[in-house]
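Down below are the structures I want you to see.
Two complexes are shown next, each including chain A; its partner changes from chain B in the first to chain C in the second.
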Partner chain A sequence: MVSLSVRLQRLRYRQAFWAWVFLSPGLVYFAIFLILPVLASVYISFTNWDILTPPRWVGMANYTELLQNSAIQRAILNTFYYAAVTIPVTIALGLLLALALNRAFFGRTFFRIIYYLPVVISAAATALLWMWIFQSQVGLLNHLLAWAGLPKQSWLVSPLYAMPVIMWTGIWQSLGWSVVVFLAGLQNISEMYYEAAKIDGADSGQLFRYITWPLLAPTTLFVLVILIIGSLQVFGTVLIMTDGGPLNSTTVIVHQVYINAFQYLRMGYGSALGIILFLFILLLALTNLRLFGSSTAQ
Partner chain B sequence: MSQRTSPPLFPPSVGNRRRRARPWNLSLLLVVGALTLGAVIFMLPFLWMVLTSLKSDRQVRTIPLLLWPDPLLFEPYVRAWVGANFSQYTLNSLIVSTAAAAVNAFLSALMGYTLARLRFRGREVVFTLILSTLMVPVQIAFIPMFLIVARMPLLGGNDLLGQGGSGLLDTYAGLLAPHVITAFGIFLLRQFMLGFPTDLEDAARVDGASEFMIFWRIMLPLSVPALITLFLLHFTGVWNDLLWPLVVTNSESMRTLPLGLSQLRGTLYTEWNMVMAGTAISVIPTIIIFIIGQRYFQRSIAITGLK
Partner chain C sequence: MEKGKTQLSRRSFLQLSGVLAGAAALAACAPAVSTGGQSGAEEPAAQTTALEMYTRLTNNEQLEKLSARYQDAHAGSQLTVSAFDGRDMLTKLTTAVAGGLPPDLVMIDIAFTAQFADRNVLMDIGPIVDEANMREDAFKGYDVGTTWKGKYISYPMWSDCSALYYNKKLMADAGVTSLEGPKSWAEVVEQATAVSGLGEDIWGFLTNVTSSGATWFLWAPFMWAAGGQTFNADLTGTEFDSTPALSAAKLWVDMYLAGLAPIECVSGTWGDVEGLFTSGKSGMLLSGPYMVGLMAGQYPELDYGITLIPGPEAGTASSFVGGDGMSVIEATKQKDAAIEAFRWITDAALMKEVAMENNGTWIQGLPPRNSAVDAEYLEKFPNYAVFIDALKVGTLVNHPAIFEIDKPLKLAFEKMMLEQVAVEDAMAELDAAGDEILQRYNSTQ
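Our next item is the complex of A and B:
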């Protein structure tokens, strides 16, 4: 006769045993393809390594060289320029569209799908679609400009316009996502607040300023942090549309990581830049959470 | 790349909470007008893609602009599909995305089940650890990941120490490597399974069912909606990925669609009708998946509570 407590104990051991059996493939995978690469990239960033010959320890040399290299400086500046323009525009337009779509009318679902479509296609396809519209000889936009009597522009070949075109492409691709997240946030705000405020005679501007905007703050913070992470990692559109040119006017951090590691085979140098990017992302995301997170904690 | 599943989050209540449509008034008319204008600008590249892909190269370059293809030509699609080998790229993309989505769904369910339903010491630690990997950006890991894939011991001509051959480079397994499990998937399935009543598995346990049987016979069938959601999200995420295929493949026959697209432009002369046909081939499947599976895309936000 086995007592109840012993049987319970056995059951508990059995569960713990199977739990670790079920978890082990996933945990081993994470260790090999996530944790090991992250640790390795820290190590590689302190070496000179072309894959063909063994890595050579060089200490901080990659980092000091990076910060003095003009192409890298340009890439860092461009990345922040890209983020500083695309993020506010995506948030403002996204909120505006969400407010419009939050009103009841026939055909809302249709608009929601239209605005979301660019989110589900690849950066490669996005890049080609807009390259064709901005093409300098026979692109649609230049046709329209000529038709309106305005001079044609050499959009992606011009150091002045190439970056704005890439930014526009990025906004087009992420706007639908921000609309949908803002819509979710708006629908979580109870109608009661608005009704109470209306009884007190608030106009629509006041409703937005004193109810919608503050109650939407957690959503806005979430959108902001995700957009920071995404825009600092911009790569696909740049690679295809301009390959960083003309004259490095559109090169960005991940583009430089890719070029240095896989075209010049400078693994250490590329890794060091990847780590600098990670630190930027971490710093910005944490700063935002610290600054706005405490005031919006629910 | 393991976090590449872009989270297309749809509000859970958007479709369900039907507010009564108000009668049309001037302000609503203005709003809908603006929305329509925006929608036209948003759809323009897709529309122009389709129109261009049905023209001849000469029609594409006429001045003044030729709006409608006349006559309709399907030749650009044939040239992209056969001539530019998009049939192979589509097949590669299908294989890798389907395999990644299926394996990810199964393993996420197994780990989600373990973390949601089984009681054992260290559960919270493991869960926190998995969630924290969501923060690691792809760009910091992809150089060593490439080296790990290239140095896989005993595979692709490598010896025990991973030297001598090319490992999993330029293979389907190599393309698949970073997409096998995602922390997001585990999180999604765990949240979903937390909601089940405990009676089910208790009854099964009394009847002597093994833990795997409980997972396989009870939890997995109940999780089908979440599994479809995760499958669709991960499928489109892998389908759209460019950076990893770019790094891990050499030969033309191993390219996926985004990579094929990125190489489609000529250095001197680009046949835009063919490029647009190739682009259409690559975007149409994800657009169809999204429109059909809309409610599953919506569900991910309802389950994870992300907003």
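Our next item is the complex of A and C:
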């Protein structure tokens, strides 16, 4: 006679077996299309490989070279400059608009759609649209400036203005997404808290400071992490609008990965740069989780 | 479940479905079986041949018609044209070759053939070209770009080259007496200064250093016309710090700093620059033959002339001799058919016939063979005469790392023009960067 504990153990094994069977398609997919390419990328970063000839092991040479390359250094600085400006602005504007759109007023749905529309437009179309607006000779913005009696500006062709224009384009495109996420977060906050605070005499500033902002912390953390990842990977708008110029003022890490790997066929060098980017993203994401994760959990 | 019954329980059914779904997903990951007719597929000689040709020209009507015409001329054979926009074609060709499914032929920017020739992707077509006396018939400017390490790897397919357009009306308004266009650097500066004096929004000289390859296409001819070279004889270093290169760079930089050219010339798009000329706001523009068709169609009122890019002294000139070359892929499994297609599509009579029917245009530019551009052609399309001369006096840069040198070249001009870095310093830095790229490339081969 089989004891109850043995039967339970068999049941557990059987359940585990079938769990693995059902998980295996996903795991196989995950391993083939994610884990293996990542491991291959790590290996390639230690080689000299042009796709057409066999890779040759070069050790740390790619990493050493990229740390000495002035264009790469500029790209890293530009990427953090882009992230440092676009992330706070997108979060602040997104929250502000979400607070506004969370109130009941005529045309609210229309405005929600309008703000979300740029999110569904492709990066290429967005880049072309803003290129036409910021074009220095016949662009819409310079026409408006001239109409207002102000001097024309060399937007995308000036090392001073080119990056701010790229940033504006990025903010315009991702703002709608942060608005929607913040809206969802706001709608999860129970009215009960606000009513209780109002009875205690809290004004609107205090309501935001002591109820809305703390209860939105998990949402803010989510938006922050996703925006960090997105802004460190900015590429499409840069490639189309400026191709990294003028004077490398808009080149970013992924742009350097692209030109080295796919234009110069330096796959090893491009992979090394990709690994550096991965480490930056990992470090920032972990820092955020460490700094804000505990308060969010509370 | 009762004994002896074959009915499945719900749990068993789900378990079985899961296993089958997993197996189906794995099966879907397996490589597809070739259905034949694909490039690279083994086919019996008696069966039809299906060739594939890669090009960077998307929606090119002439290529589509040529494909159909090839089929008519070769019963049972096909020539499929696969187009990938611009630089994507280079990536696509690289991955197709690496993946073992290359096309049979490729029409590739002739400046980039060396990077594939150096990796043994392209067949040596020297014997085929010599057999038909085609080598000498190609314009002289192609002597450099068609060979690599002693192999003839690409035959000129259609021509593009740089020349100097000038606005006759603005020149006349500015008091320029000769309307033949500038014939020396001194005349370029003199006429650009005169035109620029016509108004605040009128520019004397337009160029472009931003667009990919634009500095090679537009500035390098000034260096070559002054007697300069891009690389040293054994291709181990660049020559950007030579006297001709410095003087050619100084010419451009001085004109920009003197206010004869707008900032768009340094960091604007090609469209920005071109628009200034077509809207009648500039005295001169450096560009290729495609502008002739563009202006005839969209700006017929613009009174312009074209001249060769002059050297420092009258009587010297140069041009960047570009366009696409036609190559046969070394790994093609239909070698004979691919060579036959190569011969057919590079035929001079075919080039001339198609060009005569299409306002002088062959594929995307001009026919690259002397025998295709005869007196009859030039009489019918006189605006292209200067470009034909340019194809004879111009040359090309030819090295697998040219793409990589393009970035520091562009950056050097941005530094000289936007940051006013001394020409000697910026060009010395460029030369060092060029040397480093070549040395690194050579050391990895």
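Definition applied: the second predicted complex is superposed on the first by the 267 of 298 C-alpha atoms of A that agree within 3 Å, B and C clash if a C-alpha of one lies under 4 Å from a C-alpha of the other, contacts with A are read in each partner's own complex, and residues count from 1 in each chain.
Going forward, a residue touches a chain if its C-beta (ideal position, glycine included) is under 8 Å from a C-beta of that chain, and two chains touch if they have at least 3 such contacts.
Since this is a predicted model, take the numbers as computed values, not measurements.
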Query raised in the report: Is the arrangement of chain B and chain C around the shared chain A a clash or a fit after superposition?
Result: clash
Report task. Please indicate which partner A:262 is in contact with in the superposed arrangement: first for chain B, second for chain C, both, or neither. Result -> both
Requested in this report: Would you check which partner chain A:22 touches, where first means chain B only, second means chain C only, and both and neither mean what they say?
Outcome: both
Requested in this report: Give one of first, second, both or neither to describe whether A:248 is in contact with chain B, with chain C, with both, or with none.
Outcome: second
Query raised in the report: Which touches a greater number of chain A residues, chain B or chain C?
Result: B
Query raised in the report: Taking the superposition as given, does A:32 touch the first partner, chain B, the second, chain C, both, or neither?
Result: both
Report task. In the overlay, answer first, second, both or neither for which of chain B and chain C A:215 touches. Result -> neither
Query raised in the report: In the superposed arrangement, does A:159 touch chain B (first), chain C (second), both or neither?
Result: second
Query raised in the report: Looking at the overlay, what does A:50 touch: chain B (first), chain C (second), both, or neither?
Result: second
Requested in this report: Quick one: classify A:71 as touching chain B (first), chain C (second), both or neither.
Outcome: second
Query raised in the report: Thinking of the overlay built on chain A, is A:135 touched by chain B (first), by chain C (second), by both, or by neither?
Result: both
Query - Steric overlap of chain B with chain C in the superposed model, located at which of 202-210, 220-228, 256-264 or 292-300 - result: 202-210
Report task. Overlap the chain B and chain C contact sets on chain A and report the shared residues. Result -> 18, 22, 25, 29, 32, 51, 135, 137-138, 262
Report summary line: Per the touch rule, the chain B residues reaching chain A in their complex are 2, 6, 8-15, 17, 19-22, 24, 28, 31-32, 34-35, 38-39, 42-46, 48-49, 52, 60-61, 63-65, 107, 110-111, 113-115, 118-121, 123, 126, 130, 133, 135-145, 147-148, 177-178, 180-181, 186, 205, 210-212, 215, 236, 239-243, 246-247, 257-259, 261-262, 264-265, 272, 275-276, 279, 282-283, 286-287, 289-291, 294, 301, 306-307
Report task. Provide the residue numbers of chain C that touch chain A in the complex, in ascending order. Result -> 15, 18-19, 21-22, 25-26, 29, 87, 90-91, 94-95, 97-98, 115-116, 119, 121, 210, 212, 263-264, 266-269, 272, 275-276, 401, 403-404, 407, 410-411, 414-415, 418-419, 444
Report task. Name, in rising order, each residue of chain A that touches chain B in their complex. Result -> 11-12, 14-16, 18-20, 22-23, 25-27, 29-30, 32-38, 40-41, 44, 51, 97, 100-101, 103-107, 109, 111-125, 127-130, 132-133, 135, 137-138, 140, 143, 147, 172, 177, 180-181, 183-185, 187-188, 218-219, 222, 229, 233, 235-236, 239-240, 253-254, 257-258, 261-262, 267, 270-271, 274-275, 277-278, 281-282
Query raised in the report: Any idea which chain A residues touch chain C in the complex?
Result: 18, 21-22, 24-25, 28-29, 32, 48, 50-53, 56, 71, 131, 135-138, 154, 156-159, 162, 242-243, 245-248, 259, 262-265
